[in-house]
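In what comes next, chain A is part of two complexes: it sits with chain B in the first one and with chain C in the second one.
And now, the complex of A and B:
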């Protein structure tokens, strides 16, 4: 995995986060308490003199790990976050991608509508998935949260899209350029707090975190951030291999994203 | 590791995505999971293995065998990392091609040597756009050499006829290299091909490496230019700005344009830390000794002796991507403003680089035009300061052209 220049990545992300905040009237960010969205918040604090200048939303289906809830509580307090917990309901008849494709976007729609958010920061990265690699830094979604990937707006020269349907919103992706190993190198450099589930216990760790129903840990002895960086330098496995919904059928990510999945 | 970005150019089906897919495999840069997934899908479509599927991830892209939108893939080589920007070759998808190519530092152009393919209009149009975007170094990969029996003649004829067009649109001979390859068979990409003994030059990846190593590194100028994104605090005392050229130092006297407000720099913060000065590429938070006032977004901070001109009309070269109608607006460094008129001076055929008889804007061709904005702005010629010399034109909210300022 290629380790990129953190300075370059940092500057671009700060630029995109500032641009989003200044371009839109009412912006929020998704915070899953994972390494990526937490890194994004650390960058937002750098961009805005120590304070995250927008609300952060956790779509909570009540089946996240206990460590994740503890982490949410501690960091929200330490960083003085304006936290919105949007409660979603797990329907027993929906499993795997059907659950992710319906539950979370439905709840997100509700909370976006309630607060009137016109833009949403989502901490996806190109190297996670071929479909995510097709995203723009800023990308419109319609009222139904659909992604019109066949006709994306032009994006060049720091001119990002601001066009949207009356009831749609813009997705903002400030971490698009980062690789998984860059996130961990930055976590180390900046001493960013991370969920303890990422570290090995009894020979296993979580490399990508979802909820308890659909996430499985991988074999790993990485107990520290340094261990994780070393592991990533030689690994040949995929980051999201512990996320069961990615594997069900072909193009599940394409369908999920086109339907509004984060 | 320093990442260099490379834009792929070329007509559809001349092998851009296949090339990147093959290079990812030959350099061990794609995970086995992704390669297997691409293999399985090729089988499902009853096609021979298609390396392009490692990049083309949309179902429509695979089923129709064409790239819809731009994406990127990284390869480590020697002390550098290359980020290859794949773009669609189809002319209807030119906005996606421009979106991708605009991030390229150098370009790799694919031209198929195959009998009925060769140099096409879109081949030359992509080169024209790359030149407009400021790309000045180029590797031309003459692809599908396998279909021509790896013969020298087919390579030479493409090199000779394309070479003339390349220099006509402003590339210097020393900044352009030609390499014969077969992207699908992996010939001459990373390892020297045994099938083209007549070719004495470097492999494709070494040619790309060489073009970065030989760069003179002209870089940006020394005049202070900061593009302002807006105010960070609600009072408007702290300004967010990206340093485009020069250096901003505490205590400097500066001008804020277009208003011409004078101020002294009290404090500079970069990435959360107070610093004495900020340099190129840094996003600073700047406190001045007096309020800069309204309309900060898109303003430019410069030194008081060396300011960009503040004007409301410029001469620009425009690559036309959509019909230029009556209701025009432009986007210029975060400012979204009206555009009074676009008066054509000359029409330019982007497949020859020469002036046309017709003086009307045509989609996929270019114009030189006098453009009038609805307000005054600090601007410079594109060749002097890229960030202050470029804008995007919209007509009835549709992407209508990319514009570079040729004369202020």
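And now, the complex of A and C:
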């Protein structure tokens, strides 16, 4: 895994976050309590003098790890976040794509409508998944949250489009250029708090965090951020290999994202 | 340990009938017990194709030496809606102990 220049990445992400805050009337960010969205919040704090200047949404399917809830509680207090917890209902078809493909986007739609948000910051990275590599920094969604990945605005000379359907919204992706090792290097550099599940206990750790149903730990002895960085320098395994396989097959992920999945 | 029997009783109550009050009692009993770890076990090998699979799923709670203390549901009913309840296990650590 190739490390990039953290100063360049930080500068670009802060620029995207500031541009988004300036372009949209009512913006919010999604926070899953994972390393990426927490890093995005740390960047937002850096961009706006120590305060995250927009609401932070957790789409809570209410079967997240208890450690994740504790992390949410502690960091929301420490960073004084304007946290919106949107609880999604659990439905009997809670399996693979049916769970995240339907329940979570439905809950997100509801919370976006209730609060009238016109843009949403999402902390996806291009290196996570093939379909996420097709994203733009600012990417329009229609009224039904659908993403037309075959027809996206060009982003030339750092000029991002804020054009959208009347009832649609824009997804803002400030971390697109980062890769996994950059995130961990930045976590180390900025001493960003992270969910304890990322660190090894009894020979296992979670490399990518979802809910208790769709996430399994991987074998690892990485007990510190330095250990994780060392591990990533040599690993050949995929980051999301601990996530439900149904969701991660390329076509399924493409279908999910086109329907509004984060 | 007295704290553990209180926890066991609170968990039994939850299997009998759930309410916010009973979940609150369980959360209180958890603080006074020596519970340290949890493991979520999804019914039907995790396929969860029916609502029953969800209501039968549970979290097994262990003490610091990985001795099982009790089991507790991981979903709760709110009228006709079903919601998860893993937030009530806050303070415990996931048991990823490698089985021998």
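By our rule, the second predicted complex is superposed on the first by the 256 of 262 C-alpha atoms of A that agree within 3 Å, B and C clash if a C-alpha of one lies under 4 Å from a C-alpha of the other, contacts with A are read in each partner's own complex, and residues count from 1 in each chain.
Criterion: a contact is a pair of C-beta atoms (placed from the backbone, for glycine too) under 8 Å apart; a residue touches a chain by one contact, two chains touch by 3 or more.
Bear in mind that the values here come from a model prediction, so they are computed numbers and not experimental data.
Shared-chain residue A:90: touches chain C; no touch with chain B. Of the two partner chains, neither chain B nor chain C is touched by A:55. Of the two partner chains placed around the shared chain by superposition, chain C is the only one that A:197 touches, whereas chain B remains out of contact.
Counted by residues of chain A touched, the larger count belongs to B, out of chain B and chain C. In the superposition on chain A, no contact is made by A:168 with either chain B or chain C. Within the superposed three-chain model, A:3 lies in touch with chain B and out of touch with chain C [touch as defined at top]. No residue of chain A lies in contact with both chain B in one complex and chain C in the other.
Residues of chain B touching chain A in their complex: 1-3, 31-34, 41, 54-55, 57-60, 68-74, 76, 81, 95-96, 98-99, 102-103, 229-230, 232-233, 238, 240, 242, 269, 271-272, 281-283, 285, 297, 321, 331, 333-334, 336, 387, 390-392, 397, 399, 402.
Taken in their complex, chain A has these residues touching chain B: 2-5, 8, 10-11, 14-15, 18-19, 22-23, 45-50, 126-127, 129-131, 133-134, 136, 149-150, 152-159, 162-163, 179, 236-238, 241, 250-251, 254.
By the touch criterion stated above, chain A contacts chain C in their complex at residues 61-67, 69-70, 73, 87, 89-95, 196-197, 201-204, 212-213, 217. For chain C in complex with chain A, the touching residues are 38, 40, 42, 46-51, 54, 74-75, 81-94, 96-98.
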